[in-house]
Structures are given as C-alpha cells and as structure tokens.
Amino acid sequence: MRKLIFIGLIVALCWFAADCAHAADLNLPKDAVAGQPLSIGTSGTGTLYLIGPGQVIKREFKSGGNIEIKGEELRSAGRWIAIARGDVRQSQIFWVKPGKPENLNFLARPSRVPVARPNVITGVAFIFDKYQNLILDPTPVNFNLAVGGTGSSKTVTSRDGIAWTNSASAPKAGAAQFVASVGGTQVRRVVQQVAADPCNLRMHVAGRANNNVVIETDPIRDCSGNPVPDGTIVSFIQTDRSGRSTVDSRIKKGIARAELPVSDNATITVAAGVVLGNELHVGGKQ
Amino acid sequence: MSSPSIAPGRQVSLPSRAVPLSWVLLLALLVHGPLLLMQITNDSYDADFHKFFAAHYAQHWFNPWNEKWFTGFSQTTYPPMEQQWMALFSHVIGLNLAYIFVQLIAILLLPIGVYRYARIWVGERAASYAAIGSVLLGSLASLVYVDGQLSTTWAAPLYLIALAYFYEWAREGKAMALAKALALTMAAASAHHVTLLFASVIFTIPVVVIALMDRKRDGADATTAGVISRSAIFAALSLGGIILVLLPYWLALKANPIKQMPIPHGSRENFFSQGWLAVNYILVPWGAMLLAVPFIFVKGLKESRLRPLFFGFWLTMLFALGGTTPLPRMLLGMLAGVVNVITGANVHNPFDILTFERFSFWANLMALPIVALLAVSLIDRYGRKAAFVLGTLAAFTVAFAVSWPVYHPIHDAPFSTAEVISFLNRDGHDKFRYLTLGFGSKMSEVGIGANASSVDGEYNSARLLPEMTQYGSAQLTNSKYYGTNGIESLRAVLKHADQYGLKYIFVRDPYYEPLIAFAGWRKTEVYDRGNVSLWVKDGISPAHRTPYGTPPTAMEGILWGTLPIGSSIIALLLMLMFPDKRRKLEPIEFPLNANEPVLREAR
Amino acid sequence: MGRILAVIFAVLTVGLIAIGTVHGSRNAQASTPEGAVQAMFGNAKGHDWNGAYSYVASSSNVDQGGFIRDLTGRNGSLRTYSQLDSVNTRVLHESDTEATVRTELKYATAVGVSFDTRDLKVVKEDGAWKVQWPAEKEVHVPPQVIPVNYLRWDIVWRGAGDDWGAQNVENPNCRILSMNAVERDGGLIIMGEVENEDTVPAFITVGAVLTDNAGKDVAEESSFDKISHVLLPKEVSPYRIDFPGIKKSDVKSVRMTHDWMLVPASADPVIGVLHQRIEKDITGRTVLKGELLNESGTTVNIPHVLATFYDNGGKVIWVSDAYSDHALLPQTPQPFSVALRDDLAANVHTYRVTVNHYSREN
Amino acid sequence: MKLVRMLVLTAGVVLAVSGAVPLLKRILADSKPSVQLNVKNAQPREVEEVTQNAILRDYTLAWQGIGTALANNTLQPLNENFSGFALDRLVQRVKDQKQNGLSTRLIDRGHKVEAVFYSPDGSAVELKDTASIETQVLDGGTVIHSDQAQIQYYAVMTGAEDRWKVRVLESSAR
C-alpha cells in the first residue's frame, strides 16, 4: 500500500510538473512578418509583453488560449522578446521579418548637372516595407532616366536593402525624369541638365547709344549647341589710352550686351568665366 | 529700527514734531508702490541686466559660470546679493515682479538708512525730515526708474545704517553695535562693491571725525585713541569680512584684471557742453535741492559739527559733476599714480572707467541732514505753508525725474523679442551663437529667454574676448554709438564668427545691415512686423567653449551661493533678534538757541 | 568764519566749473587756417551745423543745407551711415589772406573706419580765417524710363518635413581658381580668385586654416568683406584673407575652407567700371582710379569696389578694396579710387575691378 | 574599545562600498561601447579617413545613446544621435516602456562593424554590425528577462549638420 501511495504521489507530482511545464509554453511562430497578424499560444493566466525594436505590446491572458496580435500592431521588423508574467514566468526571443516592398527612398543626385558628362548622375534606392522596415533580401529595382522621351533603363538587384546606379548626362539640355520602381511602387525625381561652358564666344558692334558704343554677343551656346542660361555673366573689357573699362553684363535672351565709352582707338575683349571670346578693335570716330 | 516718537507730556503742533518712521515708510510705499507696479522700472536701463543675472542664479545657484554672454563669463565679477534675492523670489512671483519687489525693499530701506545716518548729525525731527526727503529724491527716482541701478540703491541704505552702528561702536564700544555694523557692511559689499569703495571714503570719514568730536557726548566717555582704535578695528574687520564674502570676486579679478579701453559715457562729459547733459545729470537728480545748495554751503560750514559732513558732501558733489570740473579726473589720476607707485602696476585713471551719476545720489544723501535743517526752520517760521511748498517742490522733483525719459528717451520704440527667443530655442538653433544689433538693453531680455549663447553682453567688466577689450566700446549691440572703436570692435568679432560659432545676427537697426551683408550674412527672416530681421551665415560650425575665462571652481560656486546672501540674512537676523534699545526721547529742536552748544540734542 | 568759508567754497566750486567749461569750448573765432578747419569740423562732429557753417567762407557759394548734405551724405550713401571721428590738419601753404590745409578726416562708418583726405582752401574774411568749402554738385537724374528685363532667380526649397530622399535643389558648383600666400607688414595674406561655374547664383564664403610644422592648426580667418559673396553664373570674385602677426615661415600648410550656397538673387544692377587707370593721389600714394556707372534704373546706396592686381604671369599679387561714400544714381558716373601698395605698383601688369553693392530696401 | 573601532571602521567601509558600487555601475553603464569599424569593403565610394572617424565616433555615441535611453526611459540621448525612422521607432519604444513600467538594460560587449555601402554623393552610409549584447528587461527593479547574444544589425547613417545620425537601425536573423 505504501508503495502504491508512493507511486501515486510520484505520478501526481509528474503530472503537476508536466502541467506546469505545459503552462510555461509560449508558442511563438517562427516566420512572423511585420504587418501580418500573429498568433501566440499561451496557457495559464498572466501578462504577456512583446518587446520589439520600436514598440512594446502588452496583453493579458487567462486560462491559456491564443493571443492575437493584429497586423497593424506588429510594425517593427527585427529581434523581439516575448515575456510572460503571471502564473508562470518565461521569456523567449523571436524574429519578425520585413513585409513586401512598398516604400522607396530614392536619392537622385545631382539635381542639376551640365550636359554630356559621363557617370555624373547617381541614383540610390533604399527599399522599405509598409512600416519602413528595411528589406534586406535581394530585390530587383528598376532605374529609368529619360529626357524628352529618350533615355535608358536599368534593373539592379538590391543588396542589404540598397540598390544604386549611375549614368551619364544627356547631350541635350532639359529636365530629365529619373524614376526608380520596385513592385508597384515608383518614385520620380527630376535632374535638370543644363548647358555647359560657353563655346565660340563672339561679339560685334551693335551700334551707338548715349555717346557709347554698344557691343553685343552672338547667341551664346555651349559646345553641344545648348543655349547658355540667362543671367550668366559675360565680361566686356575695353582698353584704350584713358585706361580700362569693364562691364560685367548678364546674358539676357541668349545674348550679352554692354555699352562702353566711345574711344578713338580701343581694343575690346569678351570673356565668360575662364572662357575667352574674340577681340574687337574700335578706332576713329564713328 | 523702531519708529521715533514724541516724548510724552509735551504738546507740540504737528509740523514741529518728528515724523514717525513708519509714516515715512508708508509715504515711500505710497509714492513708489504705484510707480513700481506700473512696471516703469522694468524699462530702466539696467533692469534687464539684473534680471539676466538673477535668471541664471534661479537656475544655477551654485554655478556662477554663465555661457549666455561673451561666449562664457563668470557672474562672480559682480556682487550678487540683490540678484540672488530676486532669483529666490522669482520662483514664486516671476522675474519681473521679483525685480520690482527687491527694488521696493531697497526703496523702503533708504529712509531708514538716511534717518539713522542723519541722526548722527541732526536731531530727531530733522532726521525724520531727511528720511522724507530721501523718498522724494530726484536722484533716487533717476537711479530706480531711468538707470535701473538696483545695486546702488540697495548698497547705500545698508551702508548708512552700518555707519550709524559704527558711530555707536566708535564712541561707546558696544560689541553688538560692532557686530551689526560689520554684518551690514558685508551685506552692503555683497550688494555693490563700487558703492562700498567710495562710501568708505565719502560717508565714513565724516563719521569718524564726528565720532571723535562726539567722544564725550551723550554719556559717552571715549578717548581719542579709543575712537581711533575702534575705528581701526572696524576697518580691519570690515576689510576681512568684505574679502571673505566676495572672495570669488577677488579671485576672478586677480585672474582677469580689468584691462579694457575706456568707454565713453555722458557722465564724464562737461555737463554744460550740451543742454541735455545739464538736465540729465544736474537738473533731474538734484531737482529742487538745487535751491537749497546755498543754504548747504552756509549752514554746513557755519556749524563746526556739520563741517565734516559738508566736506564729504562737497567732494561728492564735485564728483557728481563728472567732467564739468577737472577735480575728479585729477584726484582719481593721483590715486592711480599712488597705486602704481606702491604696487608697480599700470593702473589707468579710474575716471575713464567710472560713471558718475551715482555720485549725485550719494551727494544728495549727504546733503539731506543739512537740507532737513532748512526744512525745519522754514516750517517753524511759515508753518503749513512751508510744508506745502516743500512738499510740492519735492513732488515735482520726483515727478520730473520719473518723467524725464519721456522727454529724453533712453529706448527706441518698444519691440517684441518673443520671436527672436522662440527662434533661438527651437530646432537646435542654440547650438550656434548669436548677436543682436540695435537691441539696446533688450539684449538682456533675449539673454534671459534664449538658451543660446551670445558673443555680446551687457556687463562691460566681464568681457574677456580680445575683440571687445581692445576697443573702447561697450556692447556690440550699440556699436554705432562708440564711433570707430565700436564699429572696429564689431568688425573684429564678425571676422572671427567661425571661431565663435556666430551664425545668427538679429538686426533691429538697419544701420548695421551694410556691414553684415558685405561680411557674408544673408537676411532670411523678419520678425515683429519688420522691426527685427534675422541674418544667417552659412558654413559656421556649432559653437564650442572659447579659451577666454576660467569657470569658477565648485568651491567658489558654493561660497558665492552662500556668503553674500548669507551676510544679508545674518544682518537681518541680528537686527530682528537684538533690536536696538529705545532711547528715552527728548524733543529738542536744532539749535535750541544760538547761545547753546550746537547739537546738544545729540546727547 | 563760517560765512567766509562758505564764500571760499562757493567761489572754488564756481571756479572749478569755469575751468572745466572754458577749457572745452570750441566756438571761438579762428585765428589760424588750421584752427578754422578744426573748428568747422569740430562743430560738425557735434552736429552744431550753425557753428560749423559759421566757419565757411561766404565765397564758397554753398548754402547751409547743401553744406550739411555734403557732410552728412545723400541718397542713402555710406556717408549717411557715418559719424566724423577725428580730423588731422596740416598747412601746405599759407599767405596773409589764403592758405591750403590738408585735412584728413576719419569717419566711423557702418562698414568700418573710412578716411577722406582733402586739400581745403582757407581764406581770410573780416579778419578771421574761413574755409572755402568745395560744394559738391548735386546730381539730378532727369526723369526717364529705363527698360529692365528683370532677371532673377527664386528658389523653392524642400519642405520642412524630414522627407529623407526627397530631392532638394543642389548647391552650386564653384571653384577656387587661384591661391597665393604672401607675407606683408608682418602678417600672412592669402589671396586669389573664385568662380561660380554653375548656372545658378551662389553665395560663397572662403576661408583658410593655417597649419604649423607640427601639423597643428594655428589660425583660422575668413575673407570677410574682401570678397563678393553673391556670384552670378560664371562670375569671378577676388578674395583676400589676412592673418595679422603670422609669419610665412611658421606655416607649413594652408587649408582652404569654403561654402557655396544656392541663394535667390537678382541679376541687376549692372555696374560698369570705366576709365580705370593707375596713378598717384594727392598724398602721393599709388591708387587705381576710375568711374563707376550704374547702368540700371535704381540707386545703389553703397558700392564696394574690389580690385585684383596680376603680375605678368597672370598671378594675383594683390587684392584691395574700397567703399565709396557716394551712392550710385542711375546712369550717373561716380569716381572711385582703390589703394595699391607702392611697392607692388611696378609689378602690376594688369588688373580687374569688380563691384559689389548694398542697396537699401525701400 | 579596539573592537568597537574596528566595527565602526568596517561599517564605514561597507557603507562606502555600498554607495560606490551603484555609482560605479552607473559610470560603467554610461561608458562608451567598444566599436571596431572596417571600411575596406564599402561600395561604390571609398570612405574618406575623416568620414571614417566621424562615423566611428557617432555610431559609438548612438549605441551609448540607445543604452542610456532604454535604461532610463529618456529621449534626450536619442534626439542627438538618431533621425528619421530609427528615431521614431526608438522614441516609441521608450514611450511604450515607460507606459508599461519596463526598462531595458543593455550590457554592450562590443561591435564589429563593416561599412557595406557609401553613397556616391557621400551623404549616406550603410553599416553591418555584429554586436555582442546582453539584454536585461526590468519590470520596476526586477529583471524579468535576460539573454546574451550576437545580433546582426544593419544601420543606415546620414550626414546631419554637424554629425552623422542613425536613420535606419534594424536587427536581422540573417
């Protein structure tokens, strides 16, 4: 009888221990994804804390059963700690993966670039899910750069959440559309392609006004034929016996114009930045 | 500190009685209470300076290193007592009301101080009239409502009361009188060092002389040697006490002696060179007392017992005239020469550093006992008519002084600094230093509210930046008023904007715009309906500590946070716990009759 | 005894006041040519215009209003932002009735100290010396319409929100074209030119950090106002950075620092620099002189002239600047002069003048 | 008498030690973590030495900031070293911790960091960090979870006004 009682006690103890062990179980899924619902199996009564990289979720549970975490609650990807407090005390680590690509951070540089320069335009795309978790798995990203309907397209597979590309600027000035797309997400940037330095800078005497000589340039263009933007400084320098006279003129409507004092023997030169133009000799009364 | 009263049994008419001190205090409250509550004093020249210091003490009681001005300076360069009281009160009633409250205390202390001081020289009744006069002084109104010299108005009454106890100690050798005199002297030093420096000469020497003259009066039986030795003991203990309570100040002064070019100030000019100077420095502070000057000369020199007071007054009056006479420059130059010979130092003539408007106040205080005698004789002769005329003149004096800024504005049109402060306190803008131009004393208001540090500041003696000390100009915000020195100092600071992290300049006066535009700042925002514009320089790195000045040690901070205010608390405790024994009063008019020895009533 | 003392002290007080007051008086009749000039400017400094005008000779043919405007400036010019600080005089020639006084006026202006040297003719009128004031000719621009193709750049920046990745407008590309370090007057001076290579306006600052032989930074300065901070596309500005008290031998290397910002700007006004020539001024110093012509229709209040001097190898050997104390009225030439070091004058092969400006907002 | 003196002395020493230990722990807790940075494999641009030093300094400060913020539930250390998504996330974590009465003590045993990407314009850098961290979650003063692990972090840092700030910080099971 004593033996029976002893065995009975042992069985009871084991059963109790097994029950306790069962109560301590936290059934955490191994493939949790940010933005997707999560079900956690518990037993016993207590409080469950889910501590994630950017949030803490707290749930009370009674008599076991599953705890449901809504998709919009589970926002941060990364390492989570689940801690149960109550009848039992236990904690576990679990991982949450990022969701599908839904956001792109697209860094297109520069916003303004001279025409016909190799490898000057770069695009860097950071790929995120709906909740701004960086998607570390390789993901194909398409980059498209076009000016006036013509351009180039390239697909790059991301590495550690980043895809990047570089490209030459087109020979034609204008606003280039630079588009990065992944899945159904598309981000557009504009790269202004502007004329390069003036080429073949030439001037001529355009007449007289207020006892001055009016000097005017031909339409100023870069070596690709793009007009140099208005506002660019063009320096006219006149040298004669009375000294030097300079006018830093601004290009307006494609040409630069300056009024210089009348001289009986003067040399006039023109320059834009470090680019020099032709030289004029003005002599005698006109 | 009990109110004097009329001895029982004698029937005297109202005008021929001494006025109880409590009535005088009530008068002070009635006259200055409403003016203070109208916050006129908050617009005074130095008000924001005191509030700025107090605001720092309110936050960092034991750390006098303040990084908000001059890229960092030590507040141990200015005695802290009244500012620390303001800091304490500010936690309850806010900074503006705290300033008003502390100023009110100083105003209430003044008639007490004047009464006690006047009692050394004149009788009960005249002393009470002197106390009334002190409430209605033009120079007091000027210091309180125009200049905002809180420290001067605090230190003077404390020192006057201390001298009354010193007089008692010198003649009668009462230890408690010595203790009170010392505590009050230390409190006065904690309130304002400059007052003490000059008061020790102009107020004290006449008292020492009169103590010698009175050594056998009123039951005292002191010897000349006794009076002198007790005076020496008081002087030695005071000196030790002042060194102790202001120890961090002396250490700061030793570490960074004041080496700066003289800064122009109107009070050093000849007051007759320009009309407004005469009004500002003579007519406003002296007011109706000017009418009494001939009487002061005659009476002060006629009565042998009043002569020490007169000589003190006369010298102070000449100092109050600033550059109108050559005497102050000459005497101070000689003093500097003596110091240079003794110490081998190279001290400049202090005339070029001092401002002389406070000397009018001190001269007025010294004149009051004699003027009170005039009032007594006029009232005795003409009764209520005289009282009415004197009251009217005094009222006009104080009214003129209070209203003078209306006719001679010290500020430009008011403007709001709220947006400036708000800008500096948001989005990490306080990582950089800033400068205000054309803000006047509103610069301190910005300093109080903003967390950011400025290269400028309102306390000239604390300046250590070489770009400021090398030029004879004061605040950068007012550079244009200091001629070539001012603008060159400003240029020098702007040139080193990179080193100082000086990114933001707030411009109130378009005069400064050409310089900062040519120097590379860009106008980016406009505040207060176009009154103030913000100019920003790009490419400036965040501010870091500059090598100028050393923060006080923790121990100095503790001393500074305890001793100065502690001295005032000790003085207060001594006065409350050991009140003066009431003298048995006997109202004897001054002089009783021409044949009797002068000032018999002083018995 | 008391009354005597009172009288003595009263007399003493009045005497002391009298000494102080008489000593400072400046309205006495001028007994010397220099005295007349000093008294005139002394009164002008104290804004006592009546007093100052009383020293102007009647033959000057200038009314008091014109005289005051000559001294206080017109049209929001730099002179209107100035206060007279000091006057130095020296008699160049003197006869019984006439004298020439060289007068160096030192002004505190809004942009720093400014000097103006004039040779003033002083004549004797009614037994007193008076200054024959050279009245400035007041320019009146005739009413006219000046057509302006108003050209400016405005910028729309990225929004205040932290939208990382969102595109912003790029800062302009600028380049330091040259840098030359020389030792002058016991200090190191770094100068050169900088160009805006971009197609948009740039706001530029240029500075330099000096490193000693141990590799430690010893000094840092910026070009401050010796540069044109706003550069339009392809515009070139000189810069000069002064390091007073630093010897070239103590410096191992120079690290140039710069900042280029995109800013809204206007292409106007265009200021022509005419008839530039190097010559000597009245004091015998070498200067670059010429005329500024404001080709636009609005007044330029404070012109700032920057001159770059090159040697025959095209190297920048000196950069100097000067603020003109006269405003530039539209279409009206205004003379200017910029100092050139006498010791460098012989090495100057060519030069270039650019004009920076400040115009008050209306 | 001697015994009494010894007792007093011992009691004093015990008191001093008991006072000093938490202080020491706090100092240690606030101390900077050890970070080793390797920039050799950064693509497509090479990391300049100045940038490398700045990143090392600022990433170290960022981890110090996380440790302080999560232990004391304060936001200030985060504002100085984080921006964008990383800042939003950590701020939320601190707020949630505070609300639930929790705090997290990170015992940082070092980081081996490799720069894997440096943007062509020099404005962004991506770091791969193998961190050895002991994590203790505390409910009030009680430790309710403790683990020690090597964790892989990916951090994107971008240049701010005067420093580099962590804009993305994500742990990964990879």
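We call the chains A, B, C and D, going by the order they appear; numbering starts again at 1 in every chain.
Throughout what follows, contacts are C-beta pairs under 8 Å (C-beta built on N, C-alpha and C of every residue); 3 or more make two chains touch, one makes a residue touch a chain.
None of these values were measured; they are calculated from a predicted model.
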Just give me the whole-number Å value for how far the CA centre of chain A lies from that of chain B. 62
Please tell me the distance, in whole Å, between the geometric centres of chain A and chain D computed from their C-alpha atoms. 28
Just how far, in Å, is the C-alpha centre of chain C from the one of chain B? 42
Between chain A and chain C, the Cα-mean centres are separated in Å by 47
For chain B, which residues are shared contacts with two or more other chains? none
Please output the residue numbers of chain C that touch at least 2 other chains, ranges allowed. 164
Among line, ring, star, complete and other, which one matches the pattern of chain touches? other
Those chain pairs that satisfy the touch definition: A-C, A-D, B-C, B-D, C-D
Touching chain D in the complex: which residues of chain C? 162, 164
Enumerate the contact residues on chain A facing chain D in the complex. 49, 51-58, 76-79, 81, 83, 85, 89, 91, 93, 95, 97-98, 107, 109-110, 122, 124, 126, 128, 132-134, 136, 159-162, 164, 166
For the chain C and chain B complex, residues of the former touching the latter: 2-3, 5-6, 9-10, 13, 16-17, 19-21, 23-24, 46, 78, 81, 83, 85, 106-113, 203, 205, 207, 220-222, 224-225, 227, 229, 257-259, 261, 263, 301-302, 304, 356, 358, 360
Complex contact set, residues of chain D against chain B: 161-162
In their complex, what parts of chain B are in touch with chain D? 428, 431, 541-542
